[in-house]
Amino acid sequence: MKKYSAFYGVPYIIWLILFVIAPLVLIAYQSFFTIGGQMSWANYQTYFHSGTYLRMTLNSIWYAFVITLLTLVISYPTAYILNQTRHKQLWLLLIILPTWINLLLKAYAFIGIFSQNGAINHFLRFIGIGPQQLLFTNTSFVLVAAYIEIPFMILPIFNAIAELNPSLINASRDLGATNWQTFSKVIFPLTLNGVKTGIQTVFIPSLSLFMLTRLIGGNKVITLGTAIEQHFLVTQNWGMGSTIGVVLILAMVLIMFVTGERRKRGGDK
Amino acid sequence: MKMHGWHWRHLYLIFVFALLYAPIFYLLFYSFNQGTTMTHFIGFSWRHYAELFADTRMIQIVLDTLLIALLASLLATIIGTLGALVIYQVKRIWLKNSLLSLNNILMVSPDVIIGASFLIFFTFFGFKLGFNSVLLSHIAFSIPIVVLMILPRLNEMRQSLVDAAMDLGATNWQVLSRVVFPFISPGILAGYFMAFTYSLDDFAVTFFVTGNGFETLSVEIYARARQGISLEVNALSTLMFLFALILIAGYYLLTRYTTTKRRQRRYQLEAKIKP
Amino acid sequence: MANTIIKFNGVEKRYGDTVSLKKIDFELEQGKFYTLLGPSGCGKTTILRILAGFTDASAGTVTFKGKRINDLPANQRKINTVFQDYALFPHLNVYDNVAFGLVLKKTTKTVIKQKVSEALRLVRLSGYAEREINELSGGQQQRVAIARAIVNEPEVLLLDEPLSALDAKLRTAMQVELRQLQQRLGITFLFVTHDQGEALAMSDEIFVMNNGEILQQGSPVAIYDEPINHFVANFIGESNIVKGKMVADHQVEFVHQCFECVDAGMRPNEPVEVVLRPEDLDLTSVDQGNLVVTVDTQVFRGSIYGIMSHDHAGNHWLIHSVHQSTVGRQVGIYFEPEDIHVMRYGESEAEFDARLEQYEGEADEKI
């Protein structure tokens, strides 16, 4: 079989070169070009010296953090309880089902729900608070983003809990641990990898949800993704857009590195 | 105490499910609205469905989207299967890990980065944006998930199965076609399925590389949603929801099919043996 | 040997710097049951894989019926393998698994059908053809694996620890069946195991291996009675091994006493190791014994008692006895001169054979 691998691997290798390596190289290359076409460090200088870009980056990271935290807080208990139900695979399927609805349709639904006369405002009027401006606020952006990401957080945590050897829990009880001690000293540490995978799959996309900032956030929230989209498709400043892209890639590598590193250390313990 | 815990737990689950499904059903519900807003339900009507089916532009877009998804997932599955075989056969650990890391780059990259870098890529090589650039992009970002669905199956496959096939006289191609492919076929099926949904769901990458002449459903919905509420979109979401349900049911039945077939055969066999 | 079928000549296997097989030479004759016996990692499976064609030898030649087959791929060798994990194809049923090799050879359907049912009958699985693999027990899967191999009518069948996954009772039954099957088919079996009981029960000839070398080759009885060194004596059966000195031919000294023995051909006063099998030691009274020992522990093993004891020099002695003894009691142990087996340090199998021939020749002359 060895002799043939070179032959049938060709399409895959071509893909790796053309669509993985080349685009990365090109985006890095493009980031050195100013809008006038000169090659220089100008874009990076602008990025790191203008308060706007740095503030936007911090803002973006902050929102991604809040979205991830909110998602985690809702998802962990869900994954945990799901694992104890009888037809857990069926329930899990029902959790995954909403991810099958196009992201934009879900965002579109919230335009209706959060609108001036939408369901939430109906409810607020009913309990006497009165209608509020919901759409085009930072809160609505965070809520919708969290809503969209929840299944992606539940799935890895659910799998981590499902893989847990039940005799470990029995062993912990046998050794005298209370339910809470079993959870905090055995279950949670052992499912931490699932949590980390969940954080990875939620945090990184949350940095770049430009369609939500446009449709729900009303352009008030500018994330790194929004800025990239803006530079590429609106102002046509590809160089600056690529620079932000490179920063986003570096942030991503950093996150992968940090969560990966901890995993190793956790394994040593 | 136990009953109490049970109660709260299930209440929480119900809450989460309600949260997940409320927006979807909200969307579906208003597709039957006689009025034109997503806020006041006036009465039941099929009018938005009628509008949808009369909208030839929309129907063309739906067909294009399906065509892209079918072609992209098929090609991605073929290339991804070959890729999984390549990674599986690499023995040197550092090379295997490097290939895996490269494979996963597109999995972890934000859509915006994929879209932007593909846009630069196509422009750099003077590739015209449109159907072809969208198709190529969809193939490209679906390949890694196919690889990731197949690799675990390959790793589960014991080396002795390959040895046994060789031992019984199989050539390299026969080993692949008669032992390896049947063994990893659930992974290939899952990979195809995932690639299909990735393609159907994608918005950001398509948005970057689509140019002006060609549109997929996501891009069209984005454009319409920016203009405000149009219950035609709700009608479309209802149909897409049904489509997703049918797909899942189909996939579920397909994966069950072989086992049931075997089970049936066994029952027949036992019936034959028993007097 | 006219009917030699397999010959290994100076076969070596190296992975980088580690040598897993050192210059292996052996011959297999047609129609015999051979066993490669050794602890895990001794290289026995490597020999099997080289023979089957799954790995290449780093040096040396492998010949099959006089033809060099080093470069012949596995799928063209008239050798089939029964794998340790059976390696049955999970997506095929019993019939299709057994028919696999025949289908690849484009055999006609009727012939396949007839051969598969014959093979299934041989392994006593007629009527299981339509079963799925995961519906079978371990023992049944084992037989399917054998049927799948023998249906191709190989001239040599390789068996890689095929019984190790079975429970003890089934394993014993399968040993008998395998032996009968080999005799019925009349083909060469090369069986790999780490279980000495299995090797002794089934084989015509055993190769004892350790650290990538064949230490000793011979019939089960020869290997059991005349192990060549400490490792073989310890690995095959249970042994009492004590240090001694060869005073002269037929005279060996151990535990400060001189005993008559049947071994000869060594240097005077050469340091040696002495082997006494526990079943050759008889419990007797202190004054009638060759040696006096104190009983330490006693274990009931069903048909016999295993009695652990020690002598005044601190050597441990295991005695198999049908009678029980009492812990702490002094007893005598008695053995005959032919029960004593003397081993020289570092003697190879060739040297051992040469010495044996020499002193047996001398003994014949005297008569």
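Labels for the chains are A, B and C, by order of writing; each one numbers its residues from 1.
Here is the rule we use: a residue touches a chain if its C-beta (ideal position, glycine included) is under 8 Å from a C-beta of that chain, and two chains touch if they have at least 3 such contacts.
Here's who's who by UniProt: B = Spermidine putrescine ABC transporter, permease protein; C = ABC-type quaternary amine transporter.
Everything numeric in this text was worked out from a predicted model, so none of it was measured.
J.: Please find which chain has its CA centre nearest to the centre of all protein CA atoms in view.
T.: Chain nearest the centroid of all protein C-alpha atoms: B.
J.: When all chain pairs are ranked by how many C-beta pairs they have in contact, which pair ranks first?
T.: Among the chain pairs, A-B has the highest number of C-beta contacts.
J.: Roughly how many whole angstrom separate the Cα centroids of chain B and chain C?
T.: A distance of 55 Å separates the two centres.
J.: I'd like to verify one number: the distance from the centre of chain A to the centre of chain B, where each centre is the average of its C-alpha atoms, in whole angstrom.
T.: 19
J.: Could you tell me the distance, in whole angstrom, between the mean C-alpha positions of chain A and chain C?
T.: 60
J.: If we count contacts the way the header does, which residues on chain B are in touch with chain A in the complex?
T.: Within the complex, chain B touches chain A at residues 9-10, 12-13, 16-17, 19-21, 23-24, 26-27, 30, 37-40, 78-80, 82-83, 85-86, 89, 99, 102-103, 105-106, 108-121, 124, 136, 139-140, 143, 162, 172, 175-176, 197, 200-201, 203-204, 207-208, 217-218, 221-222, 225-226, 228-229, 233, 236-237, 240-241, 244-245, 247-248.
J.: What part of chain C is in contact with chain B in the complex they form?
T.: It is residues 52-54, 73-76, 79-81, 83-85, 87-92, 100-101, 104-105, 127, 130-132, 135, 148-149, 152 of chain C that touch chain B.
J.: What residues on chain A touch chain B, complex-wise?
T.: By the definition above, chain A touches chain B via 1-5, 8-9, 11-13, 15-16, 18-24, 26-27, 30, 74, 77-78, 81-82, 84-85, 91, 93-95, 97-113, 115, 117-119, 122, 147, 150-151, 200, 204-205, 207-208, 210-211, 214-215, 224-225, 228-229, 232-233, 238, 241-242, 245, 248-249, 252, 256.
J.: Using the touch definition from the top, list the residues of chain B that touch chain C in their complex.
T.: Against chain C, the touching part of chain B is residues 158, 160-161, 163-171, 174, 178-179, 182-183, 185, 262, 265-266, 269, 273.
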